[in-house]
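In the part that follows, the structures are each spelled out as structure tokens.
Two complexes follow with chain A in common, the first pairing it with chain B and the second with chain C.
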Partner chain A sequence: MVKLTIDGQAVEAREGQSVLHAALDGGIYIPHLCDHPDLEAKGGCRLCSVTVNGGQIPVPACTTIVEEGMVVDSRSESAEAVRRTSMELMLATHPADCTGCPKYGKCELQSIYQYMGVNGQDWRQKSRPVPTDEKNPLISHLFTRCIRCGRCIRACQDKRGVKVLEYIRDSSGVHAGVPEGKSLADAGCRFCGACIEVCPTGSIMDAVGIMGKHQSYADDVVPCRAECPAHIDIPAYIRAVREGRPGDAHAIIREKVPFPLVLGHICNHLCETGCKRTELNDPMGIRNLKRFAVEHDTEQAWKSKGFQKPRTDKRVAVIGSGPCGLTAAYYLNKLGHDVTVLEKRPQLGGPMTSGIPGYRLPLEGVMEEIRYIIDSGVKYEVNREVDNAAALRADYDAVLVAVGVSKGRKLPLPGAELPQVHTAMDVLADSRAEADLSCLGQTVCVIGAGSVGYDVARSLVRSGMTVNLACIEQADKILADKDDQEEGAQEGVNLFPGRSFEEIEAADGKVTGLRVHTVLSSTYDRATGKVTEVAEEGSQMVIPCDSVVFATGQHTGLQDYADFGIELNSRGYPVMDGFKTSEDGIFAAGDAITGISFVIKAIQQGREVTAEIDRYLGGDGQIDEALVERAANPYIGQAEGFAALPRVEQELRDASERTADNMDVYHTYTCEQAQCESSRCLQCDLRLQFQRVKLWNEYGGDNG
Partner chain B sequence: MNDKLLKLSETQCPVDELLRYVRSHRCLDCGKCVFGYEGAAQLELTLTDITMKKSRSTDLAQLTKVCRYMREQSLCDDGVELGDTALAVFEQYGDEFAAHVAKKGCKAGVCKSFVTYHILADRCVGCGDCVDECEDDAILGKKKFIHVIDQDECTQCGKCLSACEEDAIVKAGAVKPRCPAKPIPCKR
Partner chain C sequence: MKKMEADVIVVAAGLSGMAAACAAGEAGAKTLVFEKANTTGGAANMAMGPLGVGSRIQRESMVSITPGEAFRKHMFFTHYKVDARLVRDYYFKSGDTIDWLERMGVEFAGVQRAFSAPEATRPYSDGEFTWHVVKPEGGGIPGPRAATAMMKKMTEYAMEQGVEFCLETPVKKLIKEDGAVVGVIAVDAQGDEIEARAPSVIIATGGFGANPEMIKEYCGFEYGKTINNFAVPGMVGDGLKMAWEVGAAKTPIIMEIMYQLPDNLNHFYIEGAFRQPCLWVNRNGQRFMPEDQIGNTTFTGNALAAQPGKIGFAIFDARLLKRYKKKGPDIVSHVHPHDLYDHFEEQWERDLAAGYEPICQADTIEELAEKAGIDVEGLKAQVEEYNEMCEAGYDEVFEKERHYMEPIAKAPFYCCRQTVGAYGSLGGIKINHKMEVLDEEAHVIPGLYAVGTDACSIYGDTYPFTLPGNTMGFCVNSGRIAGENAAAKVAEF
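Let's look at the complex of A and B:
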């Protein structure tokens, strides 16, 4: 430690520290602009001028290193004069009005000149207009406001090693910029945002519309992580994959979810919708990289990490073993509670094991992730249907209702009660269990072309049946995603879009066909549940079939019980207050309260309800854990053709090959593909490593 | 320090020469420090105004101030040198700078705004060639009359100078030739 005096105050500084940072760390504000705590000090602006040991000629505090016994005066007349003149000179050529500037209120320059109370009016005034450049993705350049501090240049050159930005001399004068008038992409920019982060003025900004979409600054900067419902640290795991550390990647994912492999296959990847890469070309293959990481983790080092709290004497019953129930069970057990999962089906997992078909999600993978939860100490009973949640309170301190929406719904068509008419939930469960499906006959009509409808249709194609898939939506409004539609068509699913259903026809009590007519348009009123349609005249037809499967929605099934013990609304969903039901100690979460959703959403619900239950049981609700240390090298260097790197897709197996079995239709990334794909990431999180420069009003003392 | 600027000939104006020196100076291409770059920019802007008869009374004091800071606070020797040179030029040619700022004139006759054009009465033959050349209609007189330049209209473009085959048109700095106020008939 070095002891010195700054403005009459005793200050302790680190060996080699600058006088400026010794002062700032000691709570003494000295104006500074070209200095940034994470960049090499240059001494260009002289706002930090101080006199040392009674000397007359001011020196920049940012480039002056502390010495034992030094006496520093930032308020001396000569230092103040240099500082004022420098600021006046800068302002003389800076746009006069801050109010139209996007940085207004967050600008370091504005903050300092207001603090100093100076203007540039004693000098010749001149603007140095540079056309605003908003043609680059993600980054806006407004160099009319550049004050040539060089922070962006130092960040891009020294911190990132990308070396895109330079001092540019053009007819307007000198400013930061990209040489030779190139676009950022052509110059090799990696869109890391470091330049935006360090620019003290409104010269380099996030492009219009990029910020302000999320709750926090960090969320805006790293939208993939913000938009993942479980907030998995996506840039960190992509980095681990790129650096050849799939085990670390798996651990990072595990910090937030106990079903990485499931998600790597079938997650609806909201994260990709937020990905900033989309502004350059296509989003990152975040989900596919997840699958790659899990499949290539040979060490499973995460298993020995993470918390396990001492046992409490509390017992919790979890009704339903879908992703929500199992996630809650996993974390509640880690919190020390005694957890029992009660599942009505013969196996655990909900749709993960009895709904989603094997060609999308391999059963062994799901089972392994479920087994880990069970082996960690969670008790379970299968074939145990709970018909009254309140009754369980006699044996358990808390009950979680995580029953999902497991009951299929039929439309009220004439013939719907025939024995050859089924729900998708039942057929998918049988199909997944490899049960006998001969009761369906040779030709099947599936009603409803959402993702569940496609799951049934494509499963039955694999059982050798002829499948007709009919829905009321017009062909361009089909609910299932594009991959499902394309791959289903390739596999031979016959689509009948824009059809309204009249009757299931039968002879001798056996289904013979589905009578439909074509609709030109239809509208669905969410509030009343009513469909209004415009029918095409004379379009009636019968689609011949031996059986009909309804994929037209699900419900909780709770209203079918005489008294489930908690208050339900008219649609059979628990009446909720957050995660609390009407009964003390009975909680509900997952699809059972949100309606049909997605696995990742159900997992996040499971995490959140865990915290709530733990607090109810006297705990602190803390389930965050770090399973691997983070270390991100900010020196990303140059990468040829970076902006244009194309998205790598998983290889799709041939249609004929993939209908011959029920195996995954996609091959996982090869190591090379994973390397290519992970290298496309902009590493949006890196810029958060920069310290934020504090403005004068954030320092204590009498600086005003 | 640039010594050449301290050894100017009669036909060189120190304000103009310093301005040229500033305009070609490295500091204006660099921008890495405030005193070097903005100091050079103030020198350029202010000296330009001075040569154009648009100076303010505070100009010399302000330039002296900024040059002292350039000498003291520039990031590299280039800015120090420029401040140093400018201060030396101010000192050596103080009278010339003062004359410019007081809008009295440019002794060397270099600064266009201070230069006036005149038609010498004893040389003009009243041909009228100069009238055709002047785009600002600043030349008065008809054929066989001694032509006169209306100083209020003249923009000092100098085009008339080469139009006159009799070399009757001349430039003048601080000392002006005697000329008629209005066209009068030619004696020649």
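Let's look at the complex of A and C:
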């Protein structure tokens, strides 16, 4: 340690430390602007001027290295004079009026001139207008406000190695910018946002509309992670894939979810909706990279990590073994509780094993992830239907209702009661179990073209049937995602959009067709459940078929029990207070309280309800775990044509080939494809590595 | 959820919130301040100084106006349409508040009326010497941002009084129990919620200058179209909404009007260059005020708002531009750069090429009118009449000062559309003279105070520039009074 005196105060500093940082670490504030704790000091702004050992000539504290016995005075007359002049010169060219600036209130320059009490009127004002450039994606340049501190340039050149920003000299003077008036994309920018993060003024900012959508700054900066319901550390696992560490990537995903492979196949990837690369071209293929990582993890090193708390004497029953129930069971067991999963079907997994078709989600993959949960100590009973949750309280300290929405709903059409009329839930379960489907006949009408409707239609096509898929929505308003629609059409699903259903026709008690008419428009009133339609005259027709399958919604089925033991609302959903039901010790989560949703949402519900149940049982509800240490290299270097790198799609198997089996319709990424795709990531999370610059008002009161 | 407790909670740390915090803190109340930004001071960091009447500085400068006189002048200006008791308490506190600020270490450069200008065109000529302009630390010429030195002293003083600051931690809502406000819910920088409880909560969030929807709904202007106001980020009406949510009565809200070009920071030379007593007309081509008054930004803003489409146009010709370049501007503003016309042509050419919307140039009056969207015949007739009056040397219509009667005759002609601007919004939450918030029945909502521009509805329809420093004056005094009252309530327990 080096001992020195700064402004009359004894300070201990590290060998080689700058006087400025010795002072700041010692709680002594010296104004500084071009210095940033993560960037090399340049001594350019002169705000940190000090005199040393009684000398008269001020030196920048940021480039002066501490010496034993040194006496530093930041308030000497000559140091103050330099500092003041420097600030006045900065303000003389900075726009006089800050009130329209979006950085107002979060601006370092503002904080420093507030501290110094300088207002910049002693020099002739010289406005140096540089046109605002808002044409670049993600990053706005407003260099009229630039004070030439060079922090963005050092961040871009030295810290990132991207080398896009430089000092620009033109008729309006000197400011930071991109040489030759190039766009950021053309100059090779990697849109990491380091320049935004270190800019002390409003010169480089996130483009309008990028920030402010989330609860916290970090969430705004890394929207993929924020948008993921489970907040999986997406940039970190993409980095691991790129660096050839699929095992680490798998572990990072495992930190938040026990079903990485399932999600790698069928997640609705809200993360991709948030991905900032969308502003450049297309979002990252995050889901596909997840699948790649899981399938290429040969070491499974994560299995030996993670927490396992000592056993408690508490018993928990989980009703239902879908993604929510099994996630809760997994974590409750890790927390030391004795968990038993009760499943009414012959097989664990809920929709993962009895709903989602094999061409989207291979059964063996799901079973492997379920087996890991069971092997970790979760008990289970299959073919065990619970008709009263409250009764379980006699044997269990807590009960979780995670029954999902497994009961299909039929529309009240004439003929809906015929034996050849089924619900999607039942057909999908039979199809997945490879049961006999001959009762459906050769031609099937599926009503409803949401993702479940397509699951049924595409499954039945694979069983060799002719499938007519009809829905009330117009062709451009169909609820299923685009991939489903396109691939379904390729596979031969006949679509009848914009149809209203009149009657299921029958002869001799057997279905012969579905009578429909065309609607020009329709509106659905969520509140009343009423559909209003404008019918096309004379458009009535009969779609011939041997059977009809309703894919028109699902419900919990709880109201079918005489008394399930907890209060239900009129639609059969538990009456909830957060995750608590009307009965003490009985909790509910997942689709059973949210209505039909996606697997990732159900998993997050499982995590959240776990914390709640654990606290109820006397625990702390803590289930976070780190399975891999993070080390991200901030020096990302240059990459030619980075902005335009195209999104890599998984290879889609040929339609005839894929309908001949029930295997996954996509090939997983090759190693090369995964490398390409992961290299597209903007690595938004690197921005958060930068330390925040502490402002004067955080040094605790007047120190001068 | 993190829990905090205090005697007084202040929502936002602009001038009014800082005054409340200083006053509550020095009275011994445990005070907690929540602020969205990472800096204290809010909009005051860009301002110059507050009003005071009866301060030591005024007495020593032989400024004789008394609080009572200021009160009468204010009520006359507002036609007695505002709360006289509130106005009275404000002015009678204001002199002592300046002394109070001085005791904190704030230095004032002196006391001023609004900006100086040649006598004949002095835009605020009937103004009083009430504006206490803050002296920059270490001396120097005061200008915009001067008050930042005051905000630093107030922040330091508050810290010495043990006031705790939660920066980057916006308050999201008030907690009301059994009819009384008992705390707030805030969200810190990590996105975590904080429940903070206190028997008194003081709202000081500075209005809704950055919220176009509220500007439209409450003041009828369209941001970016009929108004180009200061939009200090974060001033989005949080305080008003949370107060209304717990039952506070609404007051009429005005924008604190002036005038300003769109994106003016990037067109600063243009804006300054046209703020001259040349020819000003409305969309029909007709003059609407004596142009020697355009230095009064309040009245000019009002006048523009009263024209068709809420716009006006400033026009000069090649000869006038040459004169400005040679002799300097007729009106020197305190905001725009001194070297306006040295760089005018450079920026003019660039902005014309870039299609900057408010400006145009033409070689004939017809063409100019067409390009600018002014009625062609109307402008031709007006220019003709105006030039004749210039020839005669006398403005028969508005009696504009004679030496500004310069004809618009030599091509090219330059035109710049002028739009209303504003410093922000004023008013919204109904309060009494103790700064307590009232409900629709004029009953006090226990535990809730509102101060500063969130509650400043004492101006009627127009900022009272005759008593300059008034916005900051109301902020600092309403904040101080609320802070004192809130702290006194704790002492009673």
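The working rule: the second predicted complex is superposed on the first by the 701 of 704 C-alpha atoms of A that agree within 3 Å, B and C clash if a C-alpha of one lies under 4 Å from a C-alpha of the other, contacts with A are read in each partner's own complex, and residues count from 1 in each chain.
Following the convention adopted for this analysis, a contact is a pair of C-beta atoms (placed from the backbone, for glycine too) under 8 Å apart; a residue touches a chain by one contact, two chains touch by 3 or more.
Since the model is a prediction, treat every value here as computed from it, not as a measurement.
Participant: Name the contact category of A:G355: first (chain B only), second (chain C only), both, or neither.
Facilitator: After superposing on A, A:G355 lies clear of both chain B and chain C.
Participant: Which partner reaches more residues of chain A, chain B or chain C?
Facilitator: After superposition, C is the partner touching more of chain A.
Participant: Considering only touches as defined above, state whether A:G408 meets chain B (first), chain C (second), both or neither.
Facilitator: Once the two structures are laid over each other on A, A:G408 reaches no partner at all.
Participant: Quick one: is A:C45 in contact with chain B, with chain C, with both, or with neither? Answer first, second, both or neither.
Facilitator: first
Participant: So in the superposed three-chain picture, is A:V174 touching just chain B, just chain C, both, or none of them (first/second/both/neither)?
Facilitator: first
Participant: So in the superposed three-chain picture, is A:G365 touching just chain B, just chain C, both, or none of them (first/second/both/neither)?
Facilitator: In the superposition, A:G365 touches no partner, neither chain B nor chain C.
Participant: Which parts of chain A are in contact with chain B and also with chain C?
Facilitator: 122, 124, 126
Participant: Where on chain C is chain A touching in the complex?
Facilitator: 36-43, 45-46, 136-138, 140-146, 148-149, 151-152, 155-156, 159-160, 165, 167, 187, 189-191, 230-234, 263-269, 335-339, 343, 346-347, 350, 354, 423
Participant: Touching chain C in the complex: which residues of chain A?
Facilitator: Result: residues 80, 84, 88, 91, 95-107, 110-111, 113-122, 124-127, 129, 131-132, 144, 171, 214-219, 695-698, 700-702 of chain A touch chain C.
Participant: For a test of understanding, state which residues of chain B touch chain A in their complex under the given definition.
Facilitator: Going by the criterion above, the answer is residues 28-35, 37-39, 41-42, 45-46, 49, 58, 62, 65-66, 69, 72-73, 75.
Participant: Which residues of chain A touch chain B in their complex?
Facilitator: Those in contact with chain B are residues 42-46, 49, 57-58, 82, 85-86, 89-90, 92-93, 122-124, 126, 148, 150, 167, 169, 173-175.
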